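So that you can tell them apart, the chains are marked A, B, C and D in the order they are listed, and the count of residues begins at 1 in each.
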Amino acid sequence: MNLIAPAQTLTSADLTRLRADFPILAEKVHGRPLVFLDSAASAQKPRAVIDAMVNTMEHAYANVHRGLHWMSERATEAYESTRDAVAALINAPDRHEIVFTRNVTESINLVAHSYGRSLLKPGQAVVISAMEHHSNIVPWQLLRDERGIELRVAPISDAGELDLAALESLLSDGKVGLVSITHMSNVLGTYVPAARVAALAHRYGAKVLFDGAQAIVHRAIDVQALDADFYAFSGHKLYGPTGIGVLWGRRALLDAMPPFLAGGDMISTVSYERTTWADIPHKFEAGTPAIVEAIGLKAAIAYVQAIGYEAIAAHEATLTDHALATLAEIKGLMVLGRAQDRGGVVSFTMDCAHAHDIATLLDRQGIAVRAGHHCAEPLMHQLGVDSTARASFALYTTPEEIDALAAGLRRVREFFT
Amino acid sequence: MNLIAPAQTLTSADLTRLRADFPILAEKVHGRPLVFLDSAASAQKPRAVIDAMVNTMEHAYANVHRGLHWMSERATEAYESTRDAVAALINAPDRHEIVFTRNVTESINLVAHSYGRSLLKPGQAVVISAMEHHSNIVPWQLLRDERGIELRVAPISDAGELDLAALESLLSDGKVGLVSITHMSNVLGTYVPAARVAALAHRYGAKVLFDGAQAIVHRAIDVQALDADFYAFSGHKLYGPTGIGVLWGRRALLDAMPPFLAGGDMISTVSYERTTWADIPHKFEAGTPAIVEAIGLKAAIAYVQAIGYEAIAAHEATLTDHALATLAEIKGLMVLGRAQDRGGVVSFTMDCAHAHDIATLLDRQGIAVRAGHHCAEPLMHQLGVDSTARASFALYTTPEEIDALAAGLRRVREFFT
Amino acid sequence: MTETIQNDLADLYERTIMERSRKPRHGTRLACFDVSARGDNPMCGDRVEVWVRRDGGRIAEVGFEARGCAISIAAADLMADAAVGLDAAQARSLGERVASLARTGAGEGEDLDPLRPLAGVHSFPSRVKCATLAWHALRAALEGKGEATSE
Amino acid sequence: MTETIQNDLADLYERTIMERSRKPRHGTRLACFDVSARGDNPMCGDRVEVWVRRDGGRIAEVGFEARGCAISIAAADLMADAAVGLDAAQARSLGERVASLARTGAGEGEDLDPLRPLAGVHSFPSRVKCATLAWHALRAALEGKGEATSE
């Protein structure tokens, strides 16, 4: 890994060195250098992550937890040490509060099943926002339809910011048991004022879960400073492997929650009549976990920390400002969302070209953007569009790539007019 | 990969070449060459699997399904082609019947939640056997306790074989909706006569799920020939990556089942009022899947198929016979289970040494075996033991390694007497 | 854009496609119709709704409303032309041949000629569904199902 | 077995451990007792049940039944000796020092001396719990909890 000097942002020399850590960035697509602006869907992986996975599989692999032999002890140590790394990353008070899942979607489903179906009662409500990913909508709809728990939607302003006054009024009848809300929108880029949301929720007796899938990629997260109750994210968006995600929850909550998936590793004793559960986190980790992927996630965390969230955030803020300024000059292009506090995601539409056609034309220029509803159909509906094109930025994105995007979009417009 | 000539079993030259495909087998442990006899817990990975994963991450990675750009199209193709590979592996009639999960544990939980909580009704029963892994016990206990569905346990004989007459009498009142049973015991090595079990179940109107975690490692599986309704297994035991498992189910069943986890990718349309589901298999795959791991699984399947199940089964049968004969000569050692039809797993106890002490002493000789209850406490109870030591064999296991185990066990006995 | 890329794209967005997508001839709901259905592509959010008027056993007129990309709109418009005069079985079979044309870039038969502008899609695997969605919806309408998806 | 390996193992299974595990001195349920508790190590299936008789605030006698490896049985037997005469706080604190001895191989204090045979466990990280399980159970008994786990 190429360490960079502690700095406020990344210099272009830093960037060149960092990009060399990501083998895929050297690829060509349709004969053109890859310009990968789809990191919000899933980020590329640095060599350190790939190496950690390969190393495990080549030198120290076995199933974890029950093994009394060297390979199993080494694999268990490496797997469990990822819990410490994640706890440190989000400043969790207790490593046992870190539960490994497949992805943020499973983390939210775990809470919806285990917390939602035992600690929430019919007549209570769950609040989400109007800019949620389907992963933070549909699990609550299932809970609503199955258990009679009301689903309330906190509106957003025209700028794409959470309406805190409206949120407060949704909370005011005291029926809300849980506020489950994105920490950063994957469509609008909006950061939600998480600490204020948590304070509001707590004032009215609700717990709060943050969907940190996007937020944790761009900024340091401190669950204690936010006063969160649950925090969830996916490894694959944080430069880590697919197949591994995280749910953090306060010990008191996790202790009180019944298990979700059942099987090996999550039990204390089993008989046909009566089975008792292991302590957290194992209670929530049934079956053989994503061992190699957890170890890869630890490498991803170390990679991000070595660069530093400060430098990453500053870099991405610069990129986002540059993108907003550059795209504003393109005729017929409209950016969606103009939140004050935003991360490195820019969604837009164009007057003469549908998002899918934009994506196809950019692709043939080597530029990868996402087009569609971004798993946020209700938000699309509110915005009055079917789909948008979205460019998203990572620590390896360069200002030149954004210029390439702008040039590409100009060609798209020519093509369609 | 080192292809071998079509043969009935593996020659020692074949074995040497195959072993070279597994980098970890060259490792030393405590200064001794690794003798890895814990493959039933998780198998080691051939280079082809590691390479497939690395290749994806270095050359053709992005999130799948919604992407209109080259990287996403390539990743989607590779991910989806694993479905075809799995369908071919188990002779599933329709690739859409292949659902990806994290592991067999999640596959069984999916059925327990989605099938068990909608298509089974209070008053109906589920039958398991007396030699199940916790993963095929505890999900049904939760279902029993939550939904009033009875749990029945089909006994096994002293030899460790399923008692088919007793199974039939458990089925005879017609209340059983599902027989969920291991296809091969991870403790006793017993293969269950799956086609006969399926015929019995069907005769009394029950569906049948096979936990194929162990079975698929040693023998070719044909879900149509077995007349199974569900078949489940984990990638990591089949020489594939961690974090990826499979549930196969008949289309009519999967179509009728409600979704389990909810989120991105599993929906057709989402609005706050009403959400509709995608068709199978996507209905059951919420959130970003284990993309890289699925691609690794495809490489594992290709690896196994290139060697051929016939050669693998013959090799492992030879090894198991050799192990049973060799261990029988060790004083004070008792093998558990003597089923006629068995796979490459041998559990044993020793009169003067507890299984954990056996494992520790073998480990210091470089020999990895598992010791404990093997996530099968009720079976341990029936066998009248707290724990056993278990040696398990893979396609890369050699007769010499079994001799090393026997020599090691003799030393253990000396040590403790 | 390099030469081959431009060729690809020129095939995909060939003249008929561009014209039809900008100004579809049949892009309205029919005032009177016999059957209708909606087609969804859940992966990308494209949607097309078709209305069909019959005359005897044959399709007399097709109208549609689509939200989606240029390809999906043009494909729906071409479908609305091509379907007229066919009975349900013929429409189904033509739809299958269009799908094959979109996947492979080739297909036999004079009746495919007006639909050949869709052949360029075959170089863009993730866009094939855009070309077939309207046909799925048509089939659903004729079979009395209200909904179809293209995956 | 190579030299260093034998040393490791000789430390783990040193004389006292072997003797105590083969023939524990306190390996029975007490006929009369004041408190009892069960300790489980869910990961490996080891289990120990302890019975404690008190005299005033102090432990007068401890008996146990264990299923498990040599280490866990010997550790329980050594615990049953060492606990006699201690009050609850002292027992808890000694248990913590035993855990540290097992993890690191070292520890200060004369009262640890009879327990030093457990020091060899520190080279076998996955066996540390075997040495501490009985102490967890003792603590649970003294605190009036029926169960403890060591993970």
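We take it that a contact is a pair of C-beta atoms (placed from the backbone, for glycine too) under 8 Å apart; a residue touches a chain by one contact, two chains touch by 3 or more.
Just so we're clear, the structure is a prediction, and the values are computed from it rather than from any experiment.
The chains in contact with subunit A as well as with subunit D are B.
The distance from the centre of subunit A to the centre of subunit B, each centre being the mean of the chain's C-alpha atoms, comes to 31 Å. Per-chain CA centroids place subunit C at a distance of 76 Å from subunit D. Rounded to whole angstrom units, the spacing between the C-alpha centres of subunit B and subunit D is 37.
Subunit B and subunit C have Cα centroids separated by 45 Å. Subunit B has residues 30, 66-68, 72, 267, 269, 356, 360, 371-372, 377 in contact with two or more other chains. Under the contact definition stated at the top, the residues of subunit C that touch 2 or more other chains are 43-44, 127.
If touching chains are joined by edges, the resulting network of the protein chains shown has some other shape, matching none of path, cycle, star or complete graph. Chain pairs recorded as touching, per the definition above, are A-B, A-C, A-D, B-C, B-D. Subunit C makes touch with subunit B in their complex at residues 40, 42-44, 125-127, 149, 151. Against subunit A, in their complex, subunit B makes its touches with residues 23-24, 27, 29-30, 34, 36, 38, 41-42, 44-45, 49-50, 53-54, 57-63, 66-72, 102-106, 108-109, 112, 133-139, 141-142, 151, 153, 234, 236, 241-245, 259, 261-267, 269-272, 275, 286-293, 356, 359-360, 362-363, 367-372, 374-375, 377-378, 381.
Of all the residues in subunit B, the ones that touch subunit D in their complex are 30-32, 353-357, 360-361, 364-365, 371-373, 377, 380, 386-387, 411, 415-416. Every residue of subunit D that touches subunit B in the complex is listed here, in rising order: 1-2, 4-5, 8-9, 12-13, 18, 43-47, 67-71, 124, 127, 130. The residues of subunit B lying in touch with subunit C in their complex are 65-68, 72-73, 76-77, 267-269, 278-279, 282.
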